[in-house]
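Look at the two complexes coming up: chain A is in both, with chain B in one and chain C in the other.
Presenting the complex of A and B:
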């Protein structure tokens, strides 16, 4: 188990290095640079700035400097925000995005497992039909539509009741987090529900559930210890990529709900060609996702004994 | 359609009367089991023999409440364990009889155990549920049971998962699980079909030994006459959802009372090096159970079929003590009919 973990971590580091290199090359392939902005700039000032940021050096040398800094954990200083370190931006805004993302993943996983099991147990009856219809909506309607729609609903309900049951936007308390994380997790929840339904259906009809019945076990015990445990395995497998989907998808939701997350800075940085912020956040997100995938794989080993050995 | 009443002995443990099971499908209603009656005595082995699709598995699964309903449906019949109804319910006096009074093992041990639970836990679970034992006590007993089922290093093995076991060991673990609560009856649904021949012998020996030690009655479902000869006391031959012949194992092998039994015997390979006859397959295929024939279901394939066979269903003709065959050849008007069956069954071969 330990050697497996170490192996996965080394693989993860290599992946992150690939991400960093690819981002670096992609950015330098984009025409223009952060200093060729709208402001007409004196040639001398421009050269001074280029010297300051090392942009006058050959690309190869810039790459080496960048990698060296990255290895020390220094992501550099923002080009557009005065004297602001990328590390500071991440430290300040990532916890917000992470909280949002984790809550969304928890919503998605719990909802997916629950609704999926419910549909499978009530196959072709009304709960199945209703939930599967909602699942199609959840998968096909983009999150910004849900975001705007849910805001509208909350406003209407607040107005109707005369009190504010949930804030419509902003960040700070748990009640602020509920709506955006639900909206953010909805698509994944729908996808996981479908997955859980088919997985559960397969297991309900499996030989070992027949054995469990032939042993005379109570239905609740069969459901919890035999069916659920095995049915969630495929869910755990896709949980890693789901975290990726949810975190990248959070940009839109953060914007609609006016949440001070990292996504907003990332989009802004891309628009302004703020090299260091783009590089920093991309590498950081990349590393975060790689870590999540590794964690999920290790978790899978704990749940499924067949993986533990091999 | 009932079996002749056995002479006054102790009453049978399990009595099944006129069991009928149907399946509702898109193509129509399949009459999988069409009036099956049999009884099982304590400590004895009843083998139910027949080809694939004859309803032998459905019969026992219906008793255990394992037939999914819908699409399955119990059309009629009764089943009583020591005089208490068990059909259409999983409980006697509010307690689940499955696992406690009747244990069951299945055809494919590789898929019949939960892949994410240790073998020991799966055995212990039965004891916890039925006897209310603590986890620890039940697990200790599970190790003893595995040992009884001749699994080496049972204490370590109990902590392992099904994927770490071989097929034969899994079937032995299944047996340990099925007998954990010392049930009166063990149903073995083709217990050796998925195993290779040497392992088959080990598993059958184990079943036989456990039966002798605990006095368990066994209902053995199989299509292998070799297994029947080895294990059975009583045999019920099933065809197209009905029992066509019922008798002791010697009756079935030496004095068959139904042409289908004769056909099965002729199709059975022999390990006698002097045997010179060819294996004779039974021509044709079983009837469509969406609309079973009005007369004898075997008539279309029977070499001795008469006119009455395709129009009227034969009654069970008693031909000996506890021995009947559902065949018109035994009717008094079919002169010499019974001797035709006997002639077809010759030359008799040694019991393997």
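Presenting the complex of A and C:
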């Protein structure tokens, strides 16, 4: 177990290095540099600034310097925001994105497991039909449409009741988080429901469930310990990649709901070609995702005793 | 031959007659040997014919196939049928909803309002002077006693009390001036004008008056002539109503025809949604089958690299690559989008195809073919690719909706195709800003995205079921 974990972590580190290198190359392939967007400045000032930020050095040397700093955990200073460290930007805005993402994953996983089980147990009856219809919608309608539509609904309901039951946009309290995280998790929830349904269908027709029924176990116990526990395994497998999808998908939701998350910062940084912020956010996001996938894999070993992690 | 059978039968009959009188000789019939019991009664079908029949039997899948055909026709033939330039602005009908009133009154160019134009003696209470059009609304009223100034307001609902007069248009400047001309962003429809007297201190006094005014669209002769709306009329007279151009799905915030733009957007969205998956699936197939076929160390290295590419945060890199490939002025940015998608999405197919090839390689029929002396090229072309074709096709069908989604997402956050090129995503992005007042601008592109993605998803589901050999044998 320990050696497996160490092996996975080393692989993860190599992946992060690859991500950093790819980002660096892609970023420097963009014509211009962070200073070229600024107002016409005289040559001396430009040279001074370039010297300060190390932009006058060859790209290879810049790469080595950046990697050295990265290894020490220093992501540099933003080009466009005066004296603001990238570490600070991440420290301030990532928790927002993470909270949103975690709540969305929780919504998606709970909803997926529940609705999936419900459809499988009521196969071809009305709950199945209704939920599967909703699932098809959830997969086919882009999240920005859901976001816009839910905002519209809340506005109408607020207007109808004359009080504000939920805020339409912004960030700060739990009530601000409900709507965006639900919208963000909806697509994943639909996907997980489908997965849960097929895995549950397979399990309720298996021999050990028949045995459990035959020996007269109480229904709740069969449901919780035999059916749910086994059916939920495929969900855990896709949870890692889902977390990745949800965190990146949060860009749109952050935009529509005016949430001060990292996604908006990234879009802004790319437009201004703010090298350090682009590098910092991408490497950070990449490392986070790699870590999540490793965690989920390890968790899988704990949940499913059949998997021998070796 | 027949003779022998008969003789056997006769002996049989002779033996059984005593045991059972019912068994007469006539009760037996000779087996005709030419009857081919083993022959197949139904026509034999190839794998693909069978899959096609099963796909057609699947109602949802065949319906989505028709929807997709319809969408392709809409994209390809639509602009031939609906010949409206998607870039042309109809400034008289900005953000008009489908089915909105589209008649306009012919008016002369605007001229300053002289005091002598107010008909004497008729200014009882608050009243309109001339016709209320989107060019101007002219109001006149009887002086209200004690007023040092007047404030004019406009609202779209009937005001109830002081706080609801609506948009303040401005003071007249003096208690002597009892007329006002409104030219501020006039919209056709019902408006309520209120005139409120102000005392010397600027406070609202009693005696305010409200008038319900129906404003109609106005178009000057010159504008109408420029738009070729006067054809068929010999002497267009001022004051007659003419029909403005027809927009079946309304117009957007710049007055562009929604239907024409949706067609143009369909070309962009579907082009990206089909070309990008075709390219990355092709690359994935080549890469994956090479890795699977070569095997060993090369396979490991190739797959390791694919794993790295998978680990790149997708949207972040889409944005980065898109910017890196650059858009020059006047370009639409479609090409960088496709390139970025291809670079990032091929490993999924590669992994899948590699797995399939590894599986097929061990099949008995491949070994048999190899034993019979088949060459590598023949093995790959005749056995491996056709047997993985089903999986590849299903991947492709599911890749199309996700590519359309990606394009829509990127255009939505302003990182996709550049304006003025229309795509469904960028149209949604434009529409969401005026969602509350003009919902049709968001509704139509969003609906088209959803229908397209839905159709491709359902078709993919049906295709997967139809091509699944396991399901086939169960029936």
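Methods note: the second predicted complex is superposed on the first by the 306 of 310 C-alpha atoms of A that agree within 3 Å, B and C clash if a C-alpha of one lies under 4 Å from a C-alpha of the other, contacts with A are read in each partner's own complex, and residues count from 1 in each chain.
Keep in mind that, in the parts below, a contact is a pair of C-beta atoms (placed from the backbone, for glycine too) under 8 Å apart; a residue touches a chain by one contact, two chains touch by 3 or more.
From a predicted model like this one, the values you see are computed outputs, not experimental measurements.
If you put the two complexes together on chain A, you find that chain B and chain C both fit without a clash. When the two structures are aligned on the shared chain, A:212 is found in touch with chain B, with no touch to chain C. When the shared chain is aligned, chain B comes close enough to touch A:304, but chain C does not. Contacts of A:225 after superposition on the shared chain: chain B is touched, whereas chain C is not.
Legend: residue contacts after superposition of the two complexes on their common chain; A:91 is shown touching neither chain B nor chain C. The three-chain arrangement built by superposing both structures on chain A places chain B and chain C 90° apart around the Cα centre of chain A, to the nearest 10.
Between chain B and chain C, it is C that contacts the larger number of residues in chain A. Look at A:7: by the touch rule set out above, it reaches neither chain B nor chain C. When the two complexes are laid on top of each other via chain A, the two nearest Cα atoms from chain B and chain C are 7 angstrom apart.
Common to the chain B-facing and chain C-facing surfaces of chain A is no residue whatsoever.
Against chain A, in their complex, chain B makes its touches with residues 64-66, 90, 96-100, 103-104, 106, 108, 111-117, 125-126, 129-130, 161, 163-164, 174, 177-178. Here chain A touches chain C in the complex through residues 15, 18-19, 22-23, 26-27, 29-31, 136-137, 139-142, 144-145, 148, 151-152, 155, 244-245, 248-249, 251-252, 255-256, 266-267, 270-271, 273, 278, 281-282, 285-286, 289-290, going by the rule given at the top.
Within the complex, the chain C residues that touch chain A are 307-308, 311-317, 319-321, 323-324, 326, 401, 405, 408-409, 412-415, 428, 432, 435-436, 439, 442, 446, 449-451, 453-454, 457-458.
The residues of chain A lying in touch with chain B in their complex are 206-208, 210-218, 221, 225-226, 229-230, 233, 303-306, 309.
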